[in-house]
Amino acid sequence: MTTPHFHLGDEVRDALSRGRPVVALESTIIAHGFPYPDNLEMALAVEEEVRRAGAVPATVAVLDGCLRVGLSRAELERVARSPDLPKASIRDLPVLCALGRSAATTVASTAQVAAWAGIDVFVTGGIGGVHRGWEQTLDISADLPALARLSLVVVSAGAKTVLDMAATLEYLETHGVTVLGYGTEVFPGFYLRSTGLPVDARIDSPAEAAAVLRARRALGLPGAVLVANPIPPDDALDEGEFNGWLAQAEADLAAEGVKGKAVTPFLLARLHALSGGRTVAANRALVMNNARLGAAIARCLVGLSA
Amino acid sequence: MTTPHFHLGDEVRDALSRGRPVVALESTIIAHGFPYPDNLEMALAVEEEVRRAGAVPATVAVLDGCLRVGLSRAELERVARSPDLPKASIRDLPVLCALGRSAATTVASTAQVAAWAGIDVFVTGGIGGVHRGWEQTLDISADLPALARLSLVVVSAGAKTVLDMAATLEYLETHGVTVLGYGTEVFPGFYLRSTGLPVDARIDSPAEAAAVLRARRALGLPGAVLVANPIPPDDALDEGEFNGWLAQAEADLAAEGVKGKAVTPFLLARLHALSGGRTVAANRALVMNNARLGAAIARCLVGLSA
Amino acid sequence: MTTPHFHLGDEVRDALSRGRPVVALESTIIAHGFPYPDNLEMALAVEEEVRRAGAVPATVAVLDGCLRVGLSRAELERVARSPDLPKASIRDLPVLCALGRSAATTVASTAQVAAWAGIDVFVTGGIGGVHRGWEQTLDISADLPALARLSLVVVSAGAKTVLDMAATLEYLETHGVTVLGYGTEVFPGFYLRSTGLPVDARIDSPAEAAAVLRARRALGLPGAVLVANPIPPDDALDEGEFNGWLAQAEADLAAEGVKGKAVTPFLLARLHALSGGRTVAANRALVMNNARLGAAIARCLVGLSA
């Protein structure tokens, strides 16, 4: 797709036109995941990790009504310095384009823009999913229907930590997303290596992930291949300790009466404080780990060695 | 699409072939919304309001197995005099076509037929949505997946009044429908100007609605732009008063043991009686208001001034 | 679709290329529905019933990474002798193809493979649906979105017996699947002739089912026509008796603490034992009955007399 509202960075355009491996990255984690300048440093480090693993990073954001794939250093800095930048899901993209606005992209909108750009691999920390309490609210992330519809590999360390994990996996099963465990039979738990819930199938190499996406496309099947990549053992949090922090954070949430969209940021900030920063360190480690795996899968998809 | 089962009225065919603005209208409100002859009078008045605002009305119905877009006076009269006419959702259309039957069209089926006809704007009173009690019944209107799939602007004063409004908005968010508030940041409440729930974005002109649909299409994104247009202040009901009628109507519902598809008509009839006809007057006012806005958006979409 | 991973049996290829009627059949019932050799005997009997009714049977399975449509006697035998063969839904197909594995196909994956092969009719016993307890688990079969998306006639005696039937019908309504009762206004209950829940429309001939699918396609509407065919009166179980067995089976389930994917097989095995084999006899009878109707519809779709 080329419209006036769509722009590929030079490095990304060059890579795509030459059939070189490209890995898409979201910008919500930059704008909202960490404070400045830690967020900029991390964005640059993740891009560097993708390059070191032999692929080209393509961070996605919407700036002044233009869908940008592959940000310059100045654009990354702009996103990192904009804590008020709204978070845009897929349905917001036409509004931003039509009205000339800016936003950070979520898992759903990054995957959508990546698919439009012809990028086959998208690396994130954790996908959105079915929210706890969905049986009262019907609050289900737009990330899930996006994964059911878009044809690409998404690498994550599981789903964001404050979701109903079992219901999230049921949704993915109902809607036909292939969920592969990388070196594991169980779906990973973001900061933890396991949720105890089974994945659809286990793979043990980047080439297998690439082969499954290729088969999906050869069959003409819409929808994503979700590669669930557990946090490295040395970076994983202790389950008992983490559950203690989470219980405390949820008690604080109830005590302060936080509701709606403020819930997730509140819980993450509390987890950060209660863990003395260990949740943030783990988050960084798992994103770097996913960046390496995503680059390797992207290489396999264009016929290079992982 | 042209098949033996599809027929455009002369005025509609002429307008579409000349690139003139057209606004689709549903027929369920005619067959089931009001008694004869009030329903016929209102159908004619809404069509007239669309014309006065510079667009061509295209009321949709299925008559003797034929999908009709743009009804003659005699056809409108036939629908208005048929309280037993079934209500057809999208999945019923092939049955009606195959078996030569007649039906009034819902939001979902009107939007579908409009999209097939190449009509870009559909005006209704309120869309269907997630029914209260969905957490036991899974009762969710086929209008919602239709909005997620069809590419057009739908103008409504919110959703039908007896729904779980928060869950309806969650569904629209999950499935990527762009929800724009016309001159408001909050989703309107049909008879009331506000539900207190936020919309995706606010717009302040018909041209902005048209630009968002155009951007959606330029991006190749399926799905509708829902323009939520609050009832005019002078026509809105008083919230406290309305909630009193609604509570009474629901008590009567429970007392009489009404269930299933009979619930909505029962509640609407009780609201009519309890309010001394003020719910019906408000309903008429909001539909006329939507007709004017829909015509203006349709004009913008074909390059005319609103 | 032709890829290295797709293979039509000779009889099926010949029939499709000559425009002769073909009926797809699933393999999960062979691998998991009955013990060997009863399952092989039944698979052969169902195929024979399709042939006797003037159509060509096309049993679907995945063998060594190849999607096979129309199994040889040796392949049927292999499936029948493999109680450990996994059950593959649509999202598993690319994994099986990519990694060269084998599996039996469910309703969803059989319908998908049939659609790819250009087969217009699929016969099964009962479709999957919304599981009881979905309001806690969100457990909804991938069969339902498959029916909402794939264009073919599916003949079944209702849905599998251990589901939330009302919620299953709500899902089908929301997502636009046309549900036709064959000679009935009520959705059948697998072993029983009625669930007491209404269907979308009643038909009384195979030609009407064929006409509805043709209309769906002429309209460009995605999604299936589900023909709900009640078990023949002489084969139906007694409702009171059946409900007693079911209550006992559920009590045993609770007592033994069975959970998750083991629930359905456990219940079916208990029903078999408690009924002295009468549930199995009824299951066989309804599949044979569906095979006859499916063949008649397939004949109508290619312009032959039913």
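By letter and in written order, the chains are A, B and C; residue numbering begins at 1 in each of them.
Just so it is clear, a contact is a pair of C-beta atoms (placed from the backbone, for glycine too) under 8 Å apart; a residue touches a chain by one contact, two chains touch by 3 or more.
Bear in mind the structure is a predicted one, so any value in this text is a computation, not a measurement.
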Chain grouping by contact, computed as though chain B were missing: one piece
Chain C against chain A, contact positions shared by both copies (same if over half, else different): different
Cα-centroid distance, chain A relative to chain C, in whole angstrom: 37
Junction residues of chain C - those touching two or more other chains: 135
In the complex, chain C residues that touch chain B: 130, 134-135, 164, 166-167, 170-171, 173-180, 200-201, 208, 211-216, 218-221, 223, 225
Interfacial residue positions of chain A with respect to chain B in the complex: 1, 3, 5, 89-95, 97-99, 112, 116, 135-142, 144-146
